[in-house]
Every structure is written in C-alpha cells, then in structure tokens.
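The next block holds one structure in the form of structure tokens; read it before the comments.
Chain naming follows the written order as A, B, C, D, E and F, and within any one chain the residues start at number 1.
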C-alpha cells in the first residue's frame, strides 16, 4: 500500500484524526460562545423576533470578550506542560 | 472490490455515516426532552420514589408540547436554505 | 486475513469499540464529577487563585460522596434488566 | 433507542446488516453509559449539599435512591409517549 | 462551520481530499442536528411553562417562533463576528 | 485520563497495541480540547457581565485568571482523589 515514500496508512489515520479533533474543537467553541452570549445579551421574554440595537452591540462586544478570554486561558494553559 | 453494480465503498461509508448521525440525533432529542420534562414536571425534593398523578399527566403533556415545538422549529428551519 | 485462530476483523472492531466506549464513560464521569464539585465547593467570586483549606476539604469529601452516589445508582441499575 | 428507527434494511447484503446492527449496539451502549452518568450527576446535585463528612448520610442516601427511581420511571414514561408520537398515534387532549 | 478551517489541502492526493471533504460534511450534519436540538430545548424551556393542555396555546407558539427567529439571527451575527476574529480583522472599540 | 484504565494489553499483537494507544491519544486530545472550551465558558460566564466595551477591563481579566487557575488546581485535586478511589484506597473519614 505505502510502497511510495508517502505517509503510511497508520500515519494517515493519525492525521485525519487530528484534523477531526481540531474541527470538533472549533465547532464546540463556536457553540459555547453562541450560547454564552445569548444568555448574556438576549432579553428572554422574546417580545420581538428582531434583535434590537442594544442586543446587537452587546453581541459584538460579547463575542470580542469571549475571544479574549479564550486567548487568555490559552496562554495560561500553554505555560503548563501537563495540559 | 466494487466489481458488481452496487454502491462503492466510499458511498457505503457515506450511507453508514448518515444513518449514524440520524440515530445520534434521535438519541440526543430523546435525552434533551427527558431532561426538559423532568425539570418542568418533577418535584425536586424527592419525597417519594413514585410519580404522582399530577406528575404523570404533566409528563404526558410535556412530551406532547415538546414534540410540537420540535415540529414548529423544524418548519421554520425548513424555510431557511442556510440551515 | 483471519487465517489463524485469532479473532475476526469484525470481532476486533467490536472489541475496540467497547474499549472506546468504556474510556469515554470514564472521561465523562470524571468531567461531570469535576464540574459538580466545583459548583458545590468553590467560592464563585474568585477572590484568590489558591484553593483555601475549606475548599480543599470540601473537594475531598465531594469526590468521595459523588463516588458513593455512582456506586449506589449503579447497584440500582444493576437490578434492572432493562438498563 | 429503538431498532425500528433504522427503517428498511432488507435491501442490504448480510455483511452490511451486521455492520449496521453493530453500530446500533455501540450507540446504545454509549447512550446507556451517558444516561447513567447524567442520572448520577442529577441526583448528586439535587440530594447532596453538605460536606462535613466524606460518606453519605442516611437522608442523602434515601434522597438519591428516590431520585434515581423517579428518574427511571419518568424516563420510561417519556419513552412510551415518545414512541407513540413517533408512530403518529393521535390522542384527544 | 467553515471549510476554510481545513487549511491547505493542495498537497493531498485526490482520494484523501475526498475523504477530508466527506469528514467535514459529516461534522456539519452532526452540528446542524445538534443545533436544531439545542434550539428546540432552549425555546421550549423559555416559552412553555404550563401543562394543563397537551397542545401549545397561541401565546406559547408565538413565543417559540420569536425565540427561534431571534436565536437564528443571533447565531448568524455571532458567526460573522467570529469569522472576523478568526481572520484577525482588528476594529476600534 | 489514565492509560492504566486499558487494563491488560499484553495479550494483543503489536499492531493492535499501537492502534489502542492511538485511540487513547485521540480521546485524550479530544478531552483536553473540551476541557479547555468548558474552562473558558465557565470563567467567561462567571467573570464577564458588562458589555459597554469590547475589551476586558482589568477586573474582568484578573477574575478570569484566578478562575482558570483555581479550576486547574481543583481539577488536579479531583484527579488525585479520583485515582485513589479507582485504586480502592480506603481512608478514614
């Protein structure tokens, strides 16, 4: 199978597995961020189907702050070999 | 491998993958419904191990309403090509 | 492939699948336990980055009690063939 | 989970049927284990609130038993109603 | 989810590209279905609180509609902001 | 997660051991990434409550740092106690 100099089947499986985990991570991050900012910014009585101006600017800032928390925690974990 | 006219291995993988996602979806729906209706209907002090009459009828109506919400949201998503 | 008396490929897949589910179960148990005890024991204002003495002993007892609940519920489920 | 959700498998060769059945089994095992974990989490969270000892006291233990019992009965009832709805059984209000 | 997250696939043989694309498709399907389930759960939890009937009343139904509509708009806006951050677009406060 | 949970692998051929080890690695990577996501979610939820600016203020930032630090220490302690219980180490009350 791997007669040429390319990666072995085993290495390929590893590579596909890593790519899959990476995508799952991003999807999970996006979903948690979406729910966290919905909880922080959206008025739960749902009087209207539209986002109002206050909600819109809250969402933009919320995404930005969540992103910063992700980076901040990432730096902290980066300094810890056990992660 | 796929000498006969049947589906190729690649198509089979796709088919199995879709069947798996479909089952995961149903399990996920059932679990969320179960937890949502437990939260809505069950008295949390757990004075008794039996479901009382009020809880039983609440459960029946809760499942029915949850199902309707599923259909309602499904219709709304069906009208949106981006989902 | 399975010319020798060893397990067939199909049996191997089953075995790997079971081992995977078992590991996923333990990881899930550990994560839920960690979050449950964090909620029960840790003061949410985060005045300090250190765990204080009260939190430390709360964590130890919390893990122990969670473990007992796991065993207790496991016994109850063991008596039910439908699980 | 219900094996009937797989629909019509008759057209598949024997080998694929086995593989499909194995997949269903694996998903059921995963689901049972998750349900076990979530049941423990719920009853622990609802019943255990003091951490002065490292063993459950009598009251906590019986609360956990009732909680688990109740959740299982609840889950079974939900399962019945859910199956009816999946099969399109209509009932009056 | 964005296919661009896969980075540079040009080096891969055709067969592996197809497999990678199939994997992305599968993850997107799983994610869409989960999102559907979580949307239903949220709007049910926020909008339905009485269980004297087994059908949604008008008020509950319109609450669910607004909730779902609002969540989808929210989710789309979050997606746009998230994509900008992923691409390193800097904007003033 | 602990590799010892795999029990006795000695009976397996070399190829299967490699595959089992790869599976454990994959699960550990997935678990680490999920833990990272859940840590971010928790500390964001507990520490960030105002959205008048798009950058974290000093107070929020230090709250997040303490929260993450505390969660990691908590998680490590839970891991030690959990390992003892898994190994059946009995201790007095």
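Brief remarks on what is shown
Heads up, the rule we're going with is that contacts are C-beta pairs under 8 Å (C-beta built on N, C-alpha and C of every residue); 3 or more make two chains touch, one makes a residue touch a chain.
Heads up on the chains, UniProt names are D, E, F = Mitochondrial import inner membrane translocase subunit Tim9.
Quantities reported herein were computed from a predicted structural model and do not represent experimental measurements.
Among the remaining chains, B is positioned farthest from chain F, on the basis of C-alpha centroids. Compared with chain C, the chain whose C-alpha mean position is the greatest distance off is E. Separating the centre of chain A from that of chain D, both taken as means of CA atoms, is a distance of 29 Å.
Once the centre of each chain is set as its mean CA position, chain A and chain E turn out to be 12 Å apart.
Computed from the mean C-alpha positions, the centre of chain A lies at a distance of 25 Å from the centre of chain C.
The set of chain B residues that touch two or more partner chains comprises 24, 41, 60, 64. Residues of chain D in contact with at least two other chains: 34, 38, 47, 53-55, 65, 69.
Those residues of chain A lying in contact with chain F across their complex are 10, 13-14, 17-18, 21, 24-25, 28-29, 32, 36, 39-41, 57-58, 60-62, 64-66, 68-70, 72-74, 76-77, 80, 83.
Every residue of chain E that touches chain A in the complex is listed here, in rising order: 1, 5-6, 13, 16, 19-20, 23-24, 27, 31, 34-35, 38, 42, 46-47, 63, 65-67, 69-71, 73-75, 77-79, 81-82, 85.
The touching residues of chain D, counted against chain C in their complex, run 18, 22, 26, 29-30, 32-34, 36-41, 43-45, 47-49, 51-56, 60-61, 64-65, 68-69, 72, 76. Interface residues of chain C, counted against chain F in their complex, comprise 6, 12, 16, 19-20, 22-24, 26-27, 30-31, 33-35, 37-38, 41-42, 44, 46-51, 55-56, 59-60, 63-64, 67.
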